[in-house]
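I've put the structures underneath this note.
In what comes next, chain A is part of two complexes: it sits with chain B in the first one and with chain C in the second one.
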Partner chain A sequence: MSSASPTTTDQDALLRAGIDRSLRHPVMFFMTSGAAWLAVSIVLGIIASAKVHSPGFLSGCGWLTYGRVFPAHINAFIYGWGFQAAFAVIIWMMARLSRKECTAAGLILVAGHVWNLVVSAGLIGILSGNGTGMPWMEFPAFTWPVMLVTYFAIVIWSFIQFRVRPEGHVYISQWYILAAIVWFPWVFLTVNTLLHCLPGHPVMGAGINAWYKSALIFLFFTPVALGAAYYLAPKVTGRAVHSYSLAKLGFWSLAIIAPWAGMQKLTGAPIPYFLPYVGAAATALLFVPALAAALNLLRTMLGNPETMSASPSLRFTTAGLTGLLVLAFAAVVLNLPDSTLPLTQFSLSGYGFEILALYGFFTFVMFGAVYFIVPRVTRREWLSRRLISIHFLFSTYGIVTIALIALFGGLQQGIGQEDWQVPFQSAATRAYPYAVATTIAWIFILISNIFFFLHLTLMWLRLGRRSSHPTLLAADHGHAVSPHGEEGDIDNAGPGTASAAH
Partner chain B sequence: MSSNNSKPDLDDSINVAETHGRVVREAAACAREKRIADNGIAPISLWAFVACGVVLLVAGGILGSGGRLFSYDSTFRRDYVRTPAGGAEDAGAVPKEALAAYMAKGAKIYSAKCNGCHGSDAKGNGSTFPSLVGSKWVLGETERFSMIILNGLEGPLEDGKTYGVMPPQGIGMTPEDLAGIMTYVRNNFGNAKGDVVTIEMAKAALEISAKRKNAGKSVNGVELDADHIKALPGDVLDPKTMVDPITLAPATAAAP
Partner chain C sequence: MSFRTFILGLSASFGVAWLAIVVVPFIKMRNLAPIELNEATDGATGIFFPKRTGRVADGAQVYAENGCYLCHTQVVRPTYAGNDLYRPDWGGLKADPDRGDTRRETNAYDFFGEKFAQIGVSRMGPDLSNLGRRVESIYAKDGSATQWLYSYLYNPRHIPENYQSTCPSFSFLFHEQPVKGERNADALPYGGTDDTEIVPGPEVKALVSYLLSLKKDQAVPTVLNFAPDKGKAAKK
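Presenting the complex of A and B:
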């Protein structure tokens, strides 16, 4: 730490470049196939959403009925995109933070292919009518043991890297990533064993299922995204994380509160009395870890506002953390058992809350991480500032629309459902305009992500810019120089040439 | 080198300029990376504590609203009834005028029990099934009409004509059902008696039917003429009275 000599800096950079090189293929594989699944998921989401307001749409095709397309949409999102983005971030970030090259890239790559195969098989299972009907675990039952084994094959190396790391200090990102690595198999194994191997009372099964959804969001996707954000914010701005105590508060409150959340979806159902109420209270309390993390990271980034707005990574991360704050606020507002919970329990709001968590928070932070990691592992810079801006703007507009709809449309629909003196159809009528808006918002998000996928694929093909200047989102403001650096400043002029050395 | 704790290592043989060139070429992005600095030690700000405290209070309220959380006598909150939307509290069903409410109830029973023989227009077929439209026995004394419905009918009618045998319909019939069907037939299909056969009257009819001499057998014209040419006992109900359309009990709430 005390030394800043050129040699150690160079060795340091070489070590990091070595780590990046060792992980290039698995990371790029997970990111690109994840992005492809994201696009698939959004297409399915558009079809499902269109069927809500235009039931005749594609109704002739049995494979594309709502009951199949909707679970296919959400499962492709979670296991196709969410998990693969998380894998990319976990393996890269843990290698970097543990300062260890990855020695099992081939195995991870094979496991990654198996994972994709299982996701494809699961989706075919759902679309052909063989889904299990359990929300977020609709893949046919044979998939889950394979997924669990594949999961271990992918993340176990990160765990080993952590165990053999040279330094004693554990960085905040590592807490979160380790926690996610350990928490997911616990949740996944528990739920699948209880639902597939030891099925108890079906009502309790629905409760376990509701817990699984909540646990997946708050015990896997949230820690992965927070780990990434705790890495990106100080790394890009060059500032220390604002407050170490706040970080500890955020981590431990998440670890303590999150496992209790989820069962509030069963309020009023014949399950033991305390479960839904503890669930509702715990979900509201998730405000604490969310506020702690978002506040800490936003304060870190706001110390360097120019970087924050110019860096694609930080812009996406900031948006994601804003999404986290909105999510935390919604968790409080939507779970009041005597007012909002009955109104939102069976309405659009539940879907909106999940999409806010999965896309508005997790996915945005993952995009931030992708924009940071890819230039390093491919050693090319992003091709186009404009493509990144389009991706950001369309995604933001889309997700803001969906979040607003979830809150207001869900309440409207809930009021319609509660009004038992009018036909139930009035609930659908109330939800109709919001359903149309959801479809349009998904179309926006699809456009943005098709560009993202193409951009990412070009990067993997090593067609990125060969430059030593990062792609920043800084506006031109009539500068003579391009924001990407001076003309001709590319590194292929040969080793040690003047243009190559910054 | 300037490092205080640098140790002799293999990299000493590396040409610094060449290494640097390589770093710049191969690790440009890594070379310009900033270090992750040590963690900040800023204290947690007061307003963050306040915000979390407010949420703690809200969460406490949520738990509190669960009542006795660990009561295992009941597995769920019995009074967890979805709150009706504003303005609809405790109103029950919207009250209707008595005639309409009784007839609505009767219409269902007619279509279930009477429609098959007497037809949807109640005109019967002229041979086996008599017409109910304008019939003296339908529009006349209510006791006679109720006995026919409850016990069935055989033998010649008062016009001397013999139709088929009508099976008894009273099995499982509640006073509400009987009141509804009688009111319906007397005020529909072109009949317009305009009065309501109340539940009280229907109860009386069920009692009378049970106490008949030959209870359990169908009535015939002779018995009807002998015992049942009278109105059912009970107070007359103004057809415009507002009643609950489900229970048919007089509604206290005003019309909407």
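Presenting the complex of A and C:
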């Protein structure tokens, strides 16, 4: 699939419009409810973060104790926002790339409601004091079989669409999405069976949990985000992917390296020695796939720098890929056994690294995809350039702060922890300013996402602009030629094109 | 590349790692062989079995449900992985009145009775591997260790030297009740009014019992002792 294809026939445009229409409700449902969960997660994140430096804040009630609010925050982020954003992108992009209308929109919508119910139930479980105590898996154990079944009910159609697609070239985005579709249930089923159903050694359980966190980032969120970025970059700029062999290298190196990462979190714990070392090596090596994908995509977009800065989709995608580069750098710098790993193993950088991956990389690319997909499925344009700019700027301020905390705060705190000759309190004192900075960062991100949620909801209500001019971030709106092509032609049978009227 | 090859490639690249670092280690560690003690080197026979007393299982559950693992670890790393062992009261006690230096690293037998080892996510607070030992020998030297922990959990900052602590208060696991006759033995020394007292609820009782069971400084058999010289030095 490449946007370099010479002409767009009416038939093609009709097909795309049909696909978009068939998926309008599930896609918009996942995006808006995901954005709502994102807001919930950020509010919980602010509460949790404030408690780290001001333990008296909202401390009277068990439901709001740090040990429950923090897991609620991260689980709402992952399963409420992350997965739903991924679902929206997976089902839409696979339908588009396989050129098949979705015939199961109703079922997907039902499954989406079930997913939201389970996330709500899980969060209530955590806040009421029934969490499992396993990081990122704190939802009470009854939730996981329901989540797995719901997951299949949502993504299986994309898998089928791929299988019954008209013959032809398989695009790299499809590889990433198929891989994510296959990897996640494999990982999820494994860890839940081993931790909830089979008796095992408690320390190995902790190791498997650390592996799960890493696998979720690198074997689910990363491929979904890269799949989306490989779709958006050529599509919006109208240029072919810079190097297709680099894209393949990025994909297979991720597939080979990422499954080994994660257990470095247990360095020094009584599990077989090779596990943490393999984990540290694999995490550091992840800079190979990250670099391959990020540079390839940035090179693709730089071929058309004007579009890159004017298109909201590409601006967010570029920021996300920059986040990926920082993440890859952090993966190397924070995970060196014998030098930085002892410092970062139990410090703020763990959380910083995770937020960098989940927000600085994944979420930014998802925002890019949202800004691209929503006008197509609602057939309305985004209302306000300013709302998008605010969303972008505040998100960026927030995530840059968090990246700095991860890289410097964590190391500072780690140095304090390792300094055994002074009382432990000094490590906590070193972390204090960074804890305050985290709260401020989350407040920035909250502001940005209030605007995003508002904007998205208006779009779902179909209150977007009825116009053929895509909303661009360029200051000069009077371009003779819009960066998306001729005025009104957004390569999509969007509003205003002749074919869309049929 | 055909779809078949693609799926095979995915399964192989993922499956090898999956088997090598998840499934096989899980099965291998499931039934960890007990360590037989050697009369000559360990001065005892039988098997090594670190004893834990207290409400380990349900206390661990309260620990998990209230997110203690987010700020506290339960692992004393060997010196190649960190400086935990050098701290005077983390891996044991530097100067136990009866046993000398009892510090040692965490081993796989230290988590008996727990479903999931709370290795921990971060160290906003200190490591708890030997909290029970620390409370009994240092913090509550002249009083009741249980009582000290109740007071601490109700308000971690009630002790003047802990004023900087950012540990959350678990006051929601306690309740206030009218004093009937004699005061409750577990009632906090502070809080309440002339007619009422603050007493720990069932969850705090389980949690405190669990916390006091955290004494991972028993002597280990020679095969697990990675600092045999230290042991000899202490005996001299």
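Everything that follows uses one rule, which is that the second predicted complex is superposed on the first by the 467 of 502 C-alpha atoms of A that agree within 3 Å, B and C clash if a C-alpha of one lies under 4 Å from a C-alpha of the other, contacts with A are read in each partner's own complex, and residues count from 1 in each chain.
The criterion applied here is as follows: a residue touches a chain if its C-beta (ideal position, glycine included) is under 8 Å from a C-beta of that chain, and two chains touch if they have at least 3 such contacts.
This is a predicted model, so every value here is computed, not measured.
In the superposition on chain A, A:M134 makes contact with chain C only, while chain B stays out of contact range. Of the two partner chains placed around the shared chain by superposition, neither chain B nor chain C is touched by A:P185.
Within the superposed three-chain model, A:T267 lies in touch with chain B and with chain C [touch as defined at top]. Shared-chain residue A:A284: touches chain B; no touch with chain C.
When the two complexes are overlaid on their common chain A, residue A:D338 makes contact with chain B and with chain C alike.
In the superposition on chain A, A:Q425 contacts chain C only, with no contact to chain B. Counting contacts by the rule stated earlier, residues 267-272, 276, 278, 337-338, 342, 418-421 of chain A appear in both its interface with chain B and its interface with chain C.
If you check the complex, the residues on chain B that touch chain A are 1-6, 11, 16-45, 48, 51-52, 55-56, 58-63, 65-72, 74-77, 80, 82-85, 88, 91, 93-94. Considering their complex, residues 2-3, 5-11, 13-14, 16-17, 20, 171-172, 231, 234-247, 249, 267-274, 276-278, 280-282, 284-285, 287-288, 291-292, 295, 299-300, 332, 335-339, 342, 375-376, 379, 381, 415, 418-421, 467-468, 470, 491, 495-497, 500-502 of chain A touch chain B. By the touch criterion given at the top, residues 1, 3, 6-7, 9-10, 13-14, 16-18, 20-23, 25-26, 28-30, 32, 60-61, 63-71, 73, 75, 77-78, 80-84, 86-87, 105-108, 110-111, 114-126, 156-157, 164-173 of chain C touch chain A in their complex.
By the touch criterion stated above, chain A contacts chain C in their complex at residues 51-56, 59-62, 65-68, 70-71, 129-135, 163, 170, 175, 178-179, 182-183, 186, 190, 194-195, 198-209, 211, 219, 252, 255-256, 259-260, 263, 265-272, 275-276, 278-279, 337-338, 341-342, 345-348, 350-351, 417-421, 424-425, 427-429, 431.
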